């Protein structure tokens, strides 16, 4: 119920903000409606979170058709926590847009941003691979539009075009694999496919048994889908679009990208490898080969991008390459056999999103207010520092510590010492970039180098958003530090979520919750 | 018997609040601020209790260095940078290390370790922050990559092995990890090696310690490298492959000791000389630890702890002295120096005191440390090849250390004459700098007595080490004699210099 | 590795060869069944049986056109999202050309009289045809999107035969089209939530995008308009989609037929 | 019937070749316009591919029919008769969704190409990117 409500809320928000943007001249109304709708989404996400924690899973059948006949939403702990993350990022992003964007741009920004979030949520919740394709397309095109929102910047146009063409091409491969899967399995429901990939003789209501010989089709589809999701998260061989996009997109968009659209690749790989083609599936040896190469890819990607992070001296470059690094680490965690490492990887996604959001928000507000020595500019400095510490993550009062500790523990239990080394060494390499930037921005006086863009007021919004972010990041970190048993609960919930039998059973015995 | 004293629960708040108050009033009334901060650091030694003899000695050392630095840092920061931004950073750094040494639960240990490392990074890069000099940034990045990352790696492995909830309740002393996998063991050892700058990961230290501001170098060299040794000590108490661990530690420690000493002898820059000497010393400390692992005889830990104090006081003083030279003469090149005794007789006397103490002049702490180390190794000589090897290295290193200390002395007592007039240091700052220096060098003599008494009452040591009984009456008289001797030397230098 | 560097590298060749090989193997090993298939897949069969099936009221959607039934009923959320993608594409496009300078009203004579007169006729016919395609989407081949695209052809016909100024003179501005489009989108979302809203007010359980009654929900959209099957919400959704697509495509046509100076591409 | 199988296989091979050529074009062509055209070829090929999978040669009747009832089925028999000849409606529904999506994306890409040409004066991917002014917050 809540999962569908969230998506509907964002779709509605998009249409309403678009309508208000063109129907009235009042920008105040537009901002107010946008913030209100984003907050509604956040509240719904929180409700969904409680719902999933209470019942284990929250499902919804669109149109009332049982799976695999209709499209269903399946929100477990993993997807609802990521949904909470992106809903929160939406609120931050909308407020940041209020602070940093021109009035004339904002009315274009809001509808597209809401559409992006609707797509992201649909991606997170869907239990249907064709709907996954549609959601991916929605995310791709809206990300492009958000990058190109300042169409007079030539780099933005170039980045968008490169991302757009490559993204569309890659997503077409997703469509191809969906077609292959439908041709072979005769169904597009994830639980149905998962069941039949384990037991090809299974017969389910509405879709019957498999249609073709599923092994070769599954192998091809798995290979192509893996490639698609690697691209979506910008893991190293397919990362070329990410730094370009991050260098030219508006900061409010970056907040959205880093905490919603770019995490989808890692999440997708988790879903594909844990649920769709699980451990006991007919292609298990090929799956293991793919997992091994994914581990290698994520390790190399983490190292290389960490080296590149160390060389950046601009905030966007740092955020871009650091995102690649952290997502590679999260990928390494997510594909690990140990469920602690999976939980660590997922927590790490949130950590990266929170860190990047803090840095970008703090940086924006700091740059807007740097000539005035007021409370919010000092608070912005604090927030940037907290953001960097969180990404660096070697101090227990930030959540970054716990995600890394969880991953380390998981890898160690798994006997994967390379993984342990990757996590900590790439973190350290990234830290070079972080701290050099922190020193340059925060500790050295060099205001003369920058030209003043604007010093507009918005004092209340600035302070609110800064305090909110500081409270969230530190609150999460201190909460985890004071109660490390929360981590055990998270690991428990995550391991329940990645259990394929539970997934299949919940989908086929679906009741609306 | 080790004197069991319960730690007073308000002891940490007292120290922290005294130091904070000191920092606050430092803007308006520097003298009150400095005194308050010294009192704060004094309260660390008096009130805060360590886990065992090793951590207790490290706490006492931190306290002494802190007291001396309380005045020194203020004067240094004021003269060199014009502001007092460095002071609070140094205080936090030292406090964080104190909290690390007194850490009773494993998570405390990790938290303060990581905090210390982070602050050290900013301290090393301080000249970049304050003066836009690029070299410190490079050194700090080198430090980050080759010291911070490997150490964090081993800490995280230890944390993961302990388990998160266990890390919050398990006291460090009852931590019993089974580090059976040799790869993991080597990674953990390498991590602490990198912090102690033992050989495969030693090269960050000379850069980092020579570019940092002098009070920071004093702490980095004097106390922070001991963290690596402390970490190795922690590993030594776990369930490990003893022969492998001991061999690795002694082998690399020995290499480091010789290599560092030779490098130190050929340096031109006084701070680099001191930095290389630090590398060499940590090599010796790790050898002592390796011997402890091999023999399971706690006397080696005692020796190691005493040696740590000696080295910490010596290095703290030497870096303070080099900072003084830097402020006064604006050069650190030995070839351009050699006239300091004409400038400040008290400074040169202190150098003499400190170096002789360290080289092992009888009543000093260095003497006791070396005495225990040498005699104990000699006792075990026939047990294993490791002991004669360790003894050889120790002797070789002592010989080379005489060479580089002489080289350093040339900066004070050389034949060069003063070509340019030195930059005048404001009288109050000058007084602070010198007082701090003399405090540390005097401490290296008068600390011996209380420590020996402490040692005599600690059960496992006193039964084994009978020499202490003979030493005890000697030390009192020797201390008085040597202090008088140095007073005479001071008068001579003063007279000759002017 | 950027796009440029992949160029003509052995890696590209390898990748392409792998794709060819994989797809060929899939087809040869009958991964998709025997080509050409003789049977329906079971899921397709279920839908073909139930798209108009008065004997199974909980699964049917009362639409003669099975494709329309899938698009707006069985997989309705897909199509809502598809419309959202279209909306996003057009929104992105209007972002790109947000500083359109507007028409510099020129002469705009257009083509010859014969062409213009015949276009007038064609426009009339096309409009009727497009409406027919859209509102009979659940009965005959066609639907909202198809009808909308046909309607958009009129815009391009007028631009070609007359001139872009003619459209302006008819009182249709890009802003108006946008407004129509947003209204249509809101209508689609509104239709999607009608059952839920109704259910909320009456206390009956209902789903988003619900069309016909289900096992646990008796709410139903209208099935018949006099004697013609209506397909419940399919008819209304097709109508809204028709307007949305027509508006979107007309906007694209109008934008791309502007002169580059008017689009802000030349200074 | 054999001829039909040959024709089907040929179509399938042609589609695969088409996919490969389109992919080659997307990744190797210098011109962005040609990249976009390759992309169009790709997506249209996929549509045909899906239709091919959903197509069918019915066993009983000779030719397949679209998945649309020609008349309101009055009895259950009518539906059974419809099932013997109809093709799979699901790929068709997928493809119409995909077509609309592609329409949206390609119109957006076309706009981008226009903007790209305005900024860089060509549609070549190998253009020099300008030095960024990143410190500006936007």
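For clarity, chains are labelled A, B, C and D in written order, and residue numbers in each chain start from 1.
Here is the rule we use: a contact is a pair of C-beta atoms (placed from the backbone, for glycine too) under 8 Å apart; a residue touches a chain by one contact, two chains touch by 3 or more.
Being a predicted model, the structure only gives us computed values, none of them experimental.
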Comparison of A-B and A-D (more C-beta pairs in contact): A-D
Separation of subunit A from subunit D, taking each centre as the mean of its C-alpha atoms, in whole Å: 28
Centre distance in Å when subunit B and subunit C are each reduced to the mean of their C-alpha atoms: 75
Distance between chain centroids, defined by C-alpha means - subunit B, subunit D (Å): 72
Subunit A and subunit B: spacing of chain centres that average the CA atoms, whole Å: 47
Set of subunit C residues in contact with two or more other chains: 3, 23, 32, 37, 41, 43-45, 47, 75, 78, 82, 85, 87-89, 92, 96-97
Where subunit D touches two or more other chains at once, by residue number: 19, 23, 27, 53, 90, 97, 101, 104-105, 108, 112, 115, 125
All chain pairs that touch each other: A-B, A-C, A-D, C-D
Residue ranges of subunit A in contact with subunit B within the complex: 310, 389, 394-396, 402, 404-405, 408-409, 412-413, 417, 420-421, 423-425, 427-429, 431-432, 435-436, 439, 443-444, 484-485, 487-488
Parts of subunit D lying in touch with subunit C, wherever the complex brings them together: 4-5, 8-9, 12-13, 16-17, 19-20, 23-24, 27-28, 30, 52-59, 66-69, 72-73, 76, 79, 82-83, 86-90, 92-93, 96-97, 100-101, 103-105, 107-108, 110-112, 114-115, 117-118, 125-126
Touching residues on subunit C, where the partner in the complex is subunit D: 3-4, 6-8, 12, 15-16, 19-20, 23-24, 27, 32, 35-41, 43-45, 47-49, 51-53, 55, 64-67, 69-71, 75, 78-79, 82-83, 85-90, 92-93, 96-97, 140-141, 143, 145, 229, 245, 248-249, 252, 255-256, 260, 263, 265-266
Sites on subunit A touched by subunit C in the complex: 4, 8, 11-12, 14-16, 18-19, 22-23, 60-65, 68-71, 104, 108, 111-112, 115, 118-119, 122, 130-131, 134-135, 137-138, 141-142, 144-145, 148-149, 151-152, 162, 166, 180, 182-184, 186-187, 206-209, 211-217, 219-220, 223, 237, 240, 512
Of subunit C, residues touching subunit A in the complex: 1-3, 22-23, 25-26, 29-33, 37, 41-47, 59, 73-78, 80-82, 84-85, 87-89, 91-92, 94-99, 175, 178-179, 182-183, 185-186, 189, 192-193, 205, 207-211, 214-217
